[in-house]
Every structure is written in C-alpha cells, then in structure tokens.
Amino acid sequence: MTHSYASGRLNLPFTGICTFAKAPHQPDWSALDCDAAILGAPFDAGTQWRAGARFGPRAVREASTLFSFGHAGAYDHEDDVTYLGPETRLLDMGDADIIHTDTEGSHRNIEAGVRAALAAKALPVVIGGDHSVNIPCLRAFDTEGPIHVLQIDAHLDFVDERHGVRHGHGNPMRRAAEHPYVTGLTQLGIRNVSSTAREGYEDARRMGSDILSVRQTRALTPEAIAARIPAGARVYVTLDIDAFCPSIAPGTGTPSHGGFLYYEVLEILQAVARRHEVVGIDLVEVAPDYDPTGSTAILAAQVLMNLLGFVFHASSLGG
Amino acid sequence: MTHSYASGRLNLPFTGICTFAKAPHQPDWSALDCDAAILGAPFDAGTQWRAGARFGPRAVREASTLFSFGHAGAYDHEDDVTYLGPETRLLDMGDADIIHTDTEGSHRNIEAGVRAALAAKALPVVIGGDHSVNIPCLRAFDTEGPIHVLQIDAHLDFVDERHGVRHGHGNPMRRAAEHPYVTGLTQLGIRNVSSTAREGYEDARRMGSDILSVRQTRALTPEAIAARIPAGARVYVTLDIDAFCPSIAPGTGTPSHGGFLYYEVLEILQAVARRHEVVGIDLVEVAPDYDPTGSTAILAAQVLMNLLGFVFHASSLGG
Amino acid sequence: MTHSYASGRLNLPFTGICTFAKAPHQPDWSALDCDAAILGAPFDAGTQWRAGARFGPRAVREASTLFSFGHAGAYDHEDDVTYLGPETRLLDMGDADIIHTDTEGSHRNIEAGVRAALAAKALPVVIGGDHSVNIPCLRAFDTEGPIHVLQIDAHLDFVDERHGVRHGHGNPMRRAAEHPYVTGLTQLGIRNVSSTAREGYEDARRMGSDILSVRQTRALTPEAIAARIPAGARVYVTLDIDAFCPSIAPGTGTPSHGGFLYYEVLEILQAVARRHEVVGIDLVEVAPDYDPTGSTAILAAQVLMNLLGFVFHASSLGG
Amino acid sequence: MTHSYASGRLNLPFTGICTFAKAPHQPDWSALDCDAAILGAPFDAGTQWRAGARFGPRAVREASTLFSFGHAGAYDHEDDVTYLGPETRLLDMGDADIIHTDTEGSHRNIEAGVRAALAAKALPVVIGGDHSVNIPCLRAFDTEGPIHVLQIDAHLDFVDERHGVRHGHGNPMRRAAEHPYVTGLTQLGIRNVSSTAREGYEDARRMGSDILSVRQTRALTPEAIAARIPAGARVYVTLDIDAFCPSIAPGTGTPSHGGFLYYEVLEILQAVARRHEVVGIDLVEVAPDYDPTGSTAILAAQVLMNLLGFVFHASSLGG
Amino acid sequence: MTHSYASGRLNLPFTGICTFAKAPHQPDWSALDCDAAILGAPFDAGTQWRAGARFGPRAVREASTLFSFGHAGAYDHEDDVTYLGPETRLLDMGDADIIHTDTEGSHRNIEAGVRAALAAKALPVVIGGDHSVNIPCLRAFDTEGPIHVLQIDAHLDFVDERHGVRHGHGNPMRRAAEHPYVTGLTQLGIRNVSSTAREGYEDARRMGSDILSVRQTRALTPEAIAARIPAGARVYVTLDIDAFCPSIAPGTGTPSHGGFLYYEVLEILQAVARRHEVVGIDLVEVAPDYDPTGSTAILAAQVLMNLLGFVFHASSLGG
Amino acid sequence: MTHSYASGRLNLPFTGICTFAKAPHQPDWSALDCDAAILGAPFDAGTQWRAGARFGPRAVREASTLFSFGHAGAYDHEDDVTYLGPETRLLDMGDADIIHTDTEGSHRNIEAGVRAALAAKALPVVIGGDHSVNIPCLRAFDTEGPIHVLQIDAHLDFVDERHGVRHGHGNPMRRAAEHPYVTGLTQLGIRNVSSTAREGYEDARRMGSDILSVRQTRALTPEAIAARIPAGARVYVTLDIDAFCPSIAPGTGTPSHGGFLYYEVLEILQAVARRHEVVGIDLVEVAPDYDPTGSTAILAAQVLMNLLGFVFHASSLGG
C-alpha cells in the first residue's frame, strides 16, 4: 500500500471505491502481479441456520477502508513495526462468479480464482461466503502440497455425508482431511453442539486432527499453540468468524457463545506467522446484515489486515 | 378456528406456540383432516440478491398470532362477515425438510408436502422460502389440472435457463407455463429491471401470459382484473411479497419500488375468490430479518388470513 | 414559542434538552400558566401484543425538536400561516408517575395530571403510553362536559370486559361511551381483526358511535367527515398512531395494514379544528423501539404540532 | 430427544415448529409424562425500564432450534458426554395464560403451570417474562420444600414494598426469602445501582442471603461457589439473563455492565448440578427485540440446554 | 453497460466490486471518456439534524448492483424500451476528497470533480452527501450557463445566512438563485416546517422560484409540471431523497412526512427528460445507516438509473 | 441527588424529562450553583469515519435515567458506599450551541460553557460529540493550570496537521500537549492502526506522553497505573468511548477491537480519583444510532456516574 498524502489526497476512510484495503482492482486474473491476491467468494447456500454470508466480501472490503487512512502502511506501536508498507503489493481480484442453486458450479468458480492466484505466485486470500468455500480453496492446492490446515472455528465441520450433503458448511474439514496433500489439521476453538456428532470427532482424531476447545487453547501460550503444528509445515489458515465470541462477532450464521476474544486469535496468528510459512488464507461466515453495528466486519478486516501484516513482515525478515 | 374464551383462556396474541393462526400442528402428513393445510417451505438458495426467506415460514406463523385474539373467527365490519369461524378447519403441517446445497432434493420434499395436502382434499397453502418453491408446488398439481396461475409479483420470473440455472427464483413462471395442465398465467405488478430480459417477456406473451404492471393494474377495477382470468378457471395463486411496495414489505430479497399497496391486492384477491375456485396458494419471499419492524411478516399473515377467509366464505356461499 | 436568534443561539434541532417542542419544563403542576400543557403518560401494561409505548413520550419529545429550528413559529407556505408563534404558550409538565404492576394507580396519576391542566385552563395534551391511558384522561373531564370523542385508530377498542379486564388498551372507547358527559363518538380508520369482536361493533353503534373504515373515510372529504360531528360539539381527540399505515408508523404495538396516509389525517384534523372547539388531545401507542428509522415518532410529533397549530390558529380567529 | 436421521429427515435448525428444543408440545397439563416440562411465562408488566420480555419464551424457543441438528443428543467433546440423549424426555407445555393489566391473575396462571409440572414429577423449567414470574414459580413449591434458591443476576431484587408494589421484578428475592420453605439464598453477580437500596442488602443478609458480586464470584472457583450452598440442599435456580455482560446479553430490560461471561456461569451451573439436586429452574428477562443480532436468545437457549444436560447427566450417574 | 453472459459470467447482483451500476472505475479525472460520469461527494457536515449522508455514495453504489443482472441494458416492459444499453458509456469517478472540519476545502474538491466531468463533455452525476454539495456542483457550471434548476425536495433550502452559515444544507437554493447563469428554479415537494422561514419563501419567489408543495404538484400532470419549466431551458436536476415519503426513504437526515411516492417523481423526471436537455444531476441526503432495510438506497439507485435511462434515451431520439 | 419517595413519586427510570441523572436543568450559565456541571457538546464534524456523536449527549442523558431509581444516591455493596447522595449537587447546563459547517464557531461555544462551569467553581463534565470537543475544553483551562491529561482511548489522536486540519478528532492530544499549562499526558488503551502515524507516536513521547496499549495497561494494577501520573498532579480525564471493546461500545464512530472491558477502566478511574484531584472530565464519541441495543450509551452513563461518585466521595474524605 502506498500513501496518498503526497498526491494531495487526504483519502479519509469513508471516501472511495471499496476494494480490500483500497488496493487496486484487477479483474484480469491472468495479470495478478502482486504479493497477495484477495478474492471474494460470496456463496452461502451451504448454511444450516442463517444465510447472509454472500454479503461478507462486500462488508469486509468496506470495513477494511476504516484502516486505510492514506498512510504508507500501518504503524503498530506495540511491535514498533509498520506493517503492509509500500513494499507489499495487494490486488483485489473481485469476486468469483456465483451460480444460484448450483453448489458445484459456484465452487468451481472459486477454485479457478484460487488457482489463478497460485499460478501468479501470489498468496491467495479468500473472503467468504460460508465455510463450504474452503472446499474449492483447498482443491486448488493439489499441486501445492504438502500443507497443514490451521482451522480457527467454533465448529469441527467434520461431517462426512448426511442426506447426500458432502459440500455444505459442515463438511469442509472432513474434505480437507481426505486430500493426500493435507498432512494434518489443527482445529482451535471447537465448542458446543453442532452439526458434527460424536463420530465426527472420532473420525477427525483418527485422521490426524489436533482438536482444542477455547478453554483448552487458552490454557496454552500462543507460542505453544504454534508449536503443535509440525515444524516446517506450510500452513493454510481457515478462519471462521464464529470462532470469536458473539460479543464481537454476532454477524454470522451460527453464533456460538464462549468464543475467542480478539487478542487470543491475533497472538496465535502472529506466533504461527513467525514460525511457519503461510501459503493460503480464507476468512468465512461473516454475515454482515445480522450485525447492525458493523463490529463483525470490522473485526474480520482488522484480523485479516493484521494477519497479512504478520505474514509479509515475517517473510521480509528472511525465510 | 374455535375460540378459547369458553375454555377459560384469554389467549393473547403474544402467548402460545407459533403455528399458523394457532392452528393445530399435524406432523403426520397422512392424517391431514382439514380444509386447508399450511406448509412451510424454508428454502432460499434460489435467490439472486439477499437471502433470508428461509425464515419466512417462522416469521409469518409468528405474525399470524397477532390476528388470533381467541375469538371464534375474524369479524370484518366492512363486509359484516365473520371469516374463518369454527367451521373452517386449518392444520399446520410444519415444514418440508430442506437439504442445504441440494436444490432438487429440497424441492422434492416440498412437492411431497403439497401432494399430501392434495391427497387429503385440503387446500395447500405454502409459505416460502424464495419463489423457486413454486416450482415443486406446481409439479404436485400434475393430476389436478387444468389450472390457471395468478401471479402477483414485481418480477416476471420467466427466465428459461442461464448458466444452467432452471430452478432458481427467476424461473418459476417459465416452468409453470411449460406444464400442459397450466392453461394460462395472469401476471400482475410486474415492473422495473429484473433477471428477466426482453426475450423473457416475449416468450411469456407467446406462451399465453397476461402481463400487467402496477400502473396498468391500478387503471382497472378489481372486478375487471378478476374477469381477465378465463371464466370457470380453477386458480392457483402465487403471491410474491415483493409485489407490494417496499414501504410495507421491505423484508424481502429483491425489493422493487412502485409496488402495490395493501387494499389493491386485497381487493383483487377478494374479487378472484368470489369469481373463481382457488385450488392452491403460495406466499413467498418474506425475508423477515431485513425488516426489524416486523411489518412485512404482519402483511404476509394479514393477506394470507384474509385470502383464506375469502376463499372459504365464497365456497360456503355455494359452488 | 419564541425564537432564539435574537438571543444569539442557532439552536439546531439536535441540541438541547428534550422537552416537547423545546417548551419550558414545568414540574410544578399547580403553576401551569400556558395555553397547552403537554403530559407524558408512559404506561404500556395495557397492551395485548408488543409493549414499548412507555418510551413514547421520550421519543415524541425528541422528535419534536426536529421541528424547532429556533424560528418564531412554524411557517406553512401552503396555508401562508405561521403556526405556534410566540403568542402560543406551551409548557411541558413532564410525565405522570407510573407504578409498575399497578394499572389503577398509574391511571390515577395520569388523571391527576389532566385535572391539573384543566384546572389551569390549559388544553391538556397527553402523549402515551398505550391507549388505555385515554381512560384516565376522559375521567378527568367529568366536570368539563359535554364532550364528543373523535377517535382515529385502526381498532374499535370497544371491548366491555374479558377475563376481568376493563382498563386495557382494548377497552377505552367502551369506557368513554359509558360516561354521561360523553355525548357521542366518531371512530375513524377502523379495520381488520382486533380484540373487539362483532358484538363490540353492535354495542358501539347502539351506544351512539359513528364508525368508518379507512376506505369509507377516504370516500368522503375532510369537511364532510368534520360535519358528521354534531355542530357545536366540543371535541376531545384521541389519536392512536396505528391509525396510520405501518409504512409510516411501524413503531407501534399492534400495526394494522391499510391505514391512513399523512395528509388524510392532517386534513381531517384541520377541518375539525376549524369547525369545532378542541378541548383535549391524546396521542398514543408510539412504541419507538420498533422503528429504528425514527419515522413513527417524527410522524407523531409532526401531527401533534400541526394539530396544536390548527387549534390555536382557529381560536385566534375567534369563535 | 430422539434423532431424526433414521426417519429420513435432515431436520436442519431453521425448519420446523418452534417448541423448546423441538420437543413435543403438550398443551394438556394433566398429561405431562416427561422428565422436564418447559413452560413459557410471557409476562413483563413488572419491569421498571424496558419491557419486551413477553417475547422471551418465543425467542428462546426459536433459538433453541439452532442446537437441534437432528442428532440424538448433544455431544460435548470437552466432557466427552452426549447430553440430552433419547433417554431424557422433554415436553413443551406452551405458555401460561397472561391477562394484560392484571398482575395477580397472570401470576396465578403461571403458578398453575408450575404446579402441574410438579404434580407430574417433572422438573419445571420456566422461561420468562420478567423476573416477577419467579414469584408464582416459588409459590408453587410450598409443598416441595425445603429448597435453597440460587439466583444469578445483576440485581438483588430485594425490595420489600414501594408505593404498594410487592410483585414487580425488583421484589422476587424478598418474596422468596419470606417463604418458610426457602431455607436460604445464594445471590451471584450482584452489581451496580438498582432498585434495591442499601436497606435491601441489609435485609437480605439478615434473612440469610449469601451475596457475591461478579468480581467476588470470579475470585473463587466454580466448585467453591457450589460449596457455599449448604450440602444436601435441593436447589431452585433462577437465572436472570442480565447477570451476563451486555456484550453477550444486550437483549434485556435493564442491562448492567460488568456482568458474567459465558463459561463463568456455565461452570458454576455444572458444579452446582454435580453437587446438588436441582428441583426447579427459571430463566428470565430475555427481551429479544432489543438485540437484533439474536445473541441474547441464543445465549439463553444455550445455557438452558446445557443446564438441563448437566442436571440429567448428574441424575443418571446416581443420586 | 455491456452484458456479461457472453463472457461466461452470470454476474449476479450480490457479486463484484461496487461501482455505480458496475461501471468501470476511472480515478484519473483527466481521462473521462464517457457519456455520464458518476462522482461521490461524501460530505455531511452541513446537516442540521442527523448526519450520515457521507455513506450515501457507498450505499447507492451498492444498491445499484441490484439492477445489474448482467444484461445488456434494462428492459422496461411498460415503455418497451431497453434503457442504458451498451451504447451508453458510464464511468465511476470515485469520490471527491473530503477534509473533515473544512467545509470550504471539501466543497472545492467536489467542484473540481464536476469541472472534470464537464471538461470531458460527460454528464456529471453527483451522489451526496448532504444538500450543501449542490453548492460546489453549481459553481462548476459558471461557464456552462444558462441553466434552470429543478429541485425535488421537502425543504426550500433558501436560507441566506444565519450565524454566519451560508454553505450548509439549508442554503443551496439561495446560493443557486444568486448565480447569474441560473435563470430560474422550479422547487417541487416543499412542505412542513424547516430551516427556511417565511422570509425565505418571499425571497425565493422574488428571485424567480416556482414553488409547489406535494399536494400542489399532485394536482397537476407530469407533463404540466415539465411545462412550467421555460421551453428550451437546459435543466440541472437536484434531487433530495427527502422529497420522497419517509415510508420509502426513511434513511435520510431530516425526514418529512407527506412526501412523494415513487411513480410521482419518476413520471416528472421522464416528462422533463423528454422535453428538456438535462445537463447535470445530483442526488443527495441518502443516510443509509438510518434505514436498516436498505429501501432508501435502493430507491436512490432505482431513480438515478431510470433518470439516466430517460436522459440518454431522449438524447438518442434526437436533439 | 435527592430521592423522590418522600415526595410521593416512584419516579421509575423510564419516566421524566431526560437531563443527566435527572439533575435540574440550568440554562442560565451565570447561575451554576453546583458541584458538577454537565454540558452537552453535540459536535461531530471532526470525524473521519462514522458521524453520529452529535446525538451522544441526548443518548447519555437518557441512559443515565436508568440509574435514577428515585433513591437518595447509588448504593454500592462492594464498596459499601452510597455515592452521589443528596450532598452532591449536579446541574445540567444543556448543550453548547453548534453551528453546522463551522468548526471554530462551534468550538468557541463549547469553550464558553466550560469557562462558565469553571467560573462557578463547578467540576466541568462535558459529553461529546467527537473527540475534537476536547480541544475547546482544554482551552478553557488556560487559567486553571497546571493540569495533567489522562486520556483513555483506542487512538493516540496526536496528528499535528494534515491537509490543513488541526482541530479534527485526530488532533486533540497534540493540541493538548502544546498548552504550556498541560504538564503531561497519560494515554491508555492505544492500539491498532489509526490516523496517527509513526511520527505522531515519536512526537508524543518527545513531548512527554506516557503511552500504554490495552495489553500493557492490563499487565499493571490500577494502582500502578494511577501512580504513573505525577504525584500531586491535578488531572483532567478525557474518555473516548472507543477505548472500550466494541463488544460493549459498538455505538461509536471508529470502533477498534481489543479494547478495555468495564471493570478495567472503572478500577483505573477509581484509583486515579483516590490519588489525584480530578479537575475536568469529558466523555466523547458515543454515536448512539450505531448501537440499537443501547449498551454503549448505558456504558457511558454508568462510567460517568461512577466516576463522579468516586471523585466526590474522594473529595468528601478530605484533600
């Protein structure tokens, strides 16, 4: 991100077209010359309670402008680092095309977007949409493996099949675990009753998952959490906004009380970014119309921009 | 509906379990002994803008309790008639089972519910859900024809196929027109840009539709509108809440300004019920979470209860 | 109302303490030296659906400041009249004391406020609260009769007694009709199912009510409506905000579609004020928290200020 | 609760009639054959600030469906227990009849419901309504004593009488303490200014209350809290949703900052259920229309279902 | 606008970056090769009641995507015309830079944008912001005159100066009338009390304004209204969303009951576009956060797209 | 505050005119005979994201009535102290006059109010408005120094000048630090990206600021925080509501995740009040319309009333 003061523009957050972080829009996916490519995946037909995550990409983009004051990067006084300075090149790919009534077709279009970002050697950053969009995201990594999946979520999402459904928002981690190029899963924040029954937990553990509830995660330091991921693993981060406490993330389909607070997740992400290469990111389940205060979308934008800052700061330090 | 004062219960609207009009719940669809059977069809994956109609059945049921003061029927001082007295037997079937990510499976379950009502010789009354639920509703009439479809809607919903989509909420009237047992369509309230392009209008007219905008409808009396439906036709009414002005129906997926006001639709329905046999009803596209005032669901309940009153009052007068 | 520009204050609507129309607050009810005295009656335990009218007085007061631009009166270019100029003296009495769980005690306190206004020869203007607050208001007129009651409302409110309830918001017009000093009622806007059953309508007509629905009212001119009130009658106006269409008044307990639009009521009130002495006013059932847009409270304030303008303009012309 | 997969129904949370946890509805209170009987008590005329708790029962029932995925019970991976499996029989009694303007009559009807549940040897579980509904609940225990009351609440609710009010939502714990069969009270979460003045605290302590603020409670372990209740005491739990932090429970009449977070209350309830017999439950003051996100009702449902799970799991282990 | 089906994209309304009507974004104002150039003017420090119009441009852009179904233009079956087909070239200029606390600086930046559009021979279309943004818009026409201003608004906005304020949202029409190149004003919809007092009306009429209230406008046909504008006049249209009834436009700073309904304004605009050259447009005072239903922004987008359609259809027919 | 029970008034929170804490309104600023004078400063043109803080004073006043149960003071059972008893005399000054479009004029009027309070030897307590209102507040202390400023806020607000802006809501702490009578600043809660860039932090530290993030503050006790303020310093407290976590304070212009929880701030304020003389207070950035639950305004009122209680309790103990 470059700053705009030199160009004579104050560029307050409430002005301007809403791309993610006011990054340039590049609708030509064969021309993604950037470090990170942001893709909207506004698909929400995989939900089992409230829909509305189709407006997640728009809401997160709009909220991201709150953090775009025209500065050259974001100064963090605690870390004494300016993140996302002009050396980090972001592009907004716009949204994958969604076909109503057609889950498979919509998923294919999302997969194509992630493949385009990967082909351009850019970090793919996908904004959902419901958690089913993780399924096409991970499919696109078939030639990028091996990867380890770090899921931060209230729900295990490990249902195999029920009434024929295999690609809803209760299934993605099961689908992930089935990929030969996914070497393992770390699943943080899992709590309460959900669409995954007891056998799902047993399957997950058998297939290599490390499952921690919010309380179990809290009992450990961020560094200890990061260390549970195998050393050297290249990590794909999938962040369901309902991992957070409904107090700060009510705008989501299936809120679950007892979730993470802001710094708990942020510090885990920072620790992971320091220790591991992050090769892909999705942030899902922001359903903005259920939060008239806007806090949920602001949270999503704030976490995503910080995570990107951590990732590129870590990579700038070597590696 | 029987009144509750004799039984010692004031039964204020805000008390009690929310079935439609506080009618008995009959989950056993092989035992539908009633005049009208209410079925929820909470499917909204057919939408092209805002989702949320999956909560339509719950919201309309809840709003319907506002009109259930424990009286034996609803007295209308303008008509000097007590509608929906104890002689009219309503049952609430509950909801069709919905399978997320699976449009065809969900539609099949809706179709099964309508077939069950028809098999019991009850008037099927379906609360959507998006307008795509009309597709399985009309499928269930394959042995009940011939029927004429009266659509009250902002949108023509006459798209044939686009990107493979044939069963979304932009397609139902095209699908209806294709049925051999649908002898014609009357489409009222159609206005503004929508998913149907010029060729859709041409197709509709060619396939026998009578299309009137809000302004064209207003220029005629309710009786004249009713008279445009062929004499003797048995009428299926499909009512999209977005036919109404967003001023009274903002809680819907694709609001369209310039819509009908309350009495305009009510008087058409009353005129149609007087002149024609009504053989099936669906009311769709109530997305309650977009209307924090609750007006939209109250409108839907109020229209539906009045329509039922008109239908059974007309049938009680002979026919 | 005096204007504030001379005193060096712009006094924009969003500034200042919220009394009605920014009139002076006079908590000492023995010192009401004014033409009209505004009393809040924040009681809502008489409701049968949604409560919340207890916040009606605060909301209407706050909305009234929108019409207080610091001018000396309100200029109406259609009438070419400046209403509510400095010659009209308003005072805000604050609220009657409400005792939760105690309907009779709360009503007594409201009655005391109206009696205080009447004792001071001021026009009592009561802001509810639910429509049951009309009961104590009219009790206070026992030495002020004879009066005619003009009700503008969706509901007849003519229930005699049910389960022992005689002072809820479904009863006030029945109670009014029982007073020997109430010579008749004109009930406008009555429509749809409500807590009053057929026998209530019959009782009302027998006891002297003139009942008109919205459609029946619309078929007449405002002057014709005003002329239905006996010549020379001194009129008490009770205005239930749900008389209006939910499109402009969703913030109320029991919204009823098909209601009046703004000018329909305004012109009736203007015609009545021209032809009759208005001796008391209540405006009830504003439940502001059901209308996040604020339109309902703005409507209530706008109608009330216009009505006061009409009343004092008419009295200034003589009569 | 039995699961529905065998019956061929996916039964997603957003489908179906809203009884509590989709339990069967049993309106015949003489036929309550179950382990726990859920009763709605939609009375809110006892409130001193915002009303709206009359819609608490509906909202909590609707939210409870989010936790009803068609599974046979709710698997908790932290406890490795499936709670509320098919062996636990729940019934929803519907609502007590409420009589507007009549506090005593409404309370009598609530009392009758609790007596019916107790007569059937079912655990009575009452969903308010404001906290005054606890008064009739505890009256029904006159032949069930001795009991100890565990209150979790922001407010002490220990006002004796003020302006004649003895049965409002500021009085229930005083009324409880007066019963000879209530052997003591434990009052947790009490904080901030409220309707109870200093003398109320003094009275409470004199009459046997153990009062702890949120901070005082936090300084102890859940087990230590549970141990403050006399060993062997049979415990009635009254849970006011405003005990929780407004961050997760804004939908209530009198929010009070500084409240409990989710696991703090959950762990206390789990500890109490392990150590004591729970003989009755009420959960009050959910006013859903003040929380457009739905989080408050979801919290109430989540806490109530967990508490029921703890109670019946404990009883299944012996005792 | 070109359609996207050929390019293999369904392009549903809820997908994609939100420029106006999904037109291309052209931030380089020296390269505006188009027929109409859309400029956001997110300034709202000129308001006297509720602010929030700064988010008007974003909301109107987002709502405009609802009318962008990927078709080549918008087919209107009543007119049998496809408006805004591929021959009409729209560009979105983004927003003028706003400087908080600095009215004059912000206005200068808006003026620069309008000058850029005019220099490119494009029709300038400005989305406010509050009505004060009309002041810099009209300043930019100093070399484009003579022009006639058609204002559609609830308020006259004709305050000269008060407490030094000359460039707030109550002043623009006075400022307009002062320009030598503004030959006259037609002011429609003016009603109710506002910041303009009696002397403002007198000044306006003296300076050449034709003022009509809503009721006065309704008494005339659209064609008669259009004919009140001098023949041959080149017309600048300034549309304050509060001209409309709060029932369809509650999301605005100073709502005023009794406003226009949808077709009333649309038909006037269509008549004006047929009879006059439209040389500039602004649409102001959409404050989206006061309308949780989204209806207001949808109305603004719908009116603006129709007006553009009328203008370019008229110009395509000759002239 | 004196209690009202003796006077025969229950005075429930929802009744009565909304001054702060139901204190008397004194619009004559030359007659401020009180201990603390409350002034509204409804100016929000200094904001860089969402406006709406102009309604902060009204909302905080209304919320403050929730804590006004008619008692003589507020009993705190944890401290065993009755705060704000009848010996503490509060007056509500109403609001400073605001001039739209004119930042300097509005600020002057705020400054005049604070000077009036100081002249009367009353503690000035200003409710914003955006944080720019702190600029005129501190100007009024030019003859009251030396003072130390304690800022509790998410943002450093230390921008010197940008595009000519020096008096927006990103500048006040810079302006404060420039005053010779401001001896130092303690800035707590500072986090995340904001309008202040790295050089602003460097300037602040150079000019004497002690900056602590939320996490850094949390690592210390309240007493240790208070001890960082120089002994004997007279303290001006400026509290930006966005210092708090958006979970409890979403109703603000620029929410920032990771903020303080309730007791964290309360205990710091209590510790500071015990150790230092508090000479002025402002509480800013409550934008109530972004929080439909009302929690933010309740928080502001609750914090402000507690802080006043701490200040006057401390002063009553000597010093």
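Letters are used for the chains, namely A, B, C, D, E and F, taken in the order the chains are written, and counting of residues starts over at 1 for each.
By definition in this document, a residue touches a chain if its C-beta (ideal position, glycine included) is under 8 Å from a C-beta of that chain, and two chains touch if they have at least 3 such contacts.
Since we're looking at a predicted model, the values are computed, not measured.
Between the two copies, chain C and chain D, the Cα superposition rotates by 180°, quoted to the nearest 5. Computed from the mean C-alpha positions, the centre of chain A lies at a distance of 39 Å from the centre of chain E.
Inter-chain spacing, taken between the CA centroids of chain B and chain E, is 38 Å.
Within chain F, contacts with two or more other chains are made by residues 10, 12, 14, 48, 50, 54-55, 99-100, 163, 165, 245, 247-248, 290, 292. In terms of which chains touch, the assembly is arranged in some other way, matching none of the line, ring, star or all-to-all patterns. Every pair of chains that touch is listed here: A-B, A-D, A-E, A-F, B-C, B-D, B-E, C-D, C-E, C-F, D-F, E-F.
Remark: chain F residues 5, 10, 12-14, 66-67, 69, 71, 74-78, 82, 245, 247-248, 262-263, 266, 292-295, 298-299, 302, 305 touch chain D in the complex. Every residue of chain D that touches chain B in the complex is listed here, in rising order: 8-12, 14-19, 25, 40, 42, 54-55, 58, 61-62, 92, 94-100, 292. The touching residues of chain E, when paired with chain F in their complex, are 44-48, 50-52, 54-55, 99-103, 105, 132, 163-165, 167-169, 289-290. On the chain C side of its complex with chain B, the touching residues are 48-50, 156, 162-163, 165, 190-195, 197-198, 201, 211, 213, 215-216, 245-248, 250-251, 254-258, 290-292.
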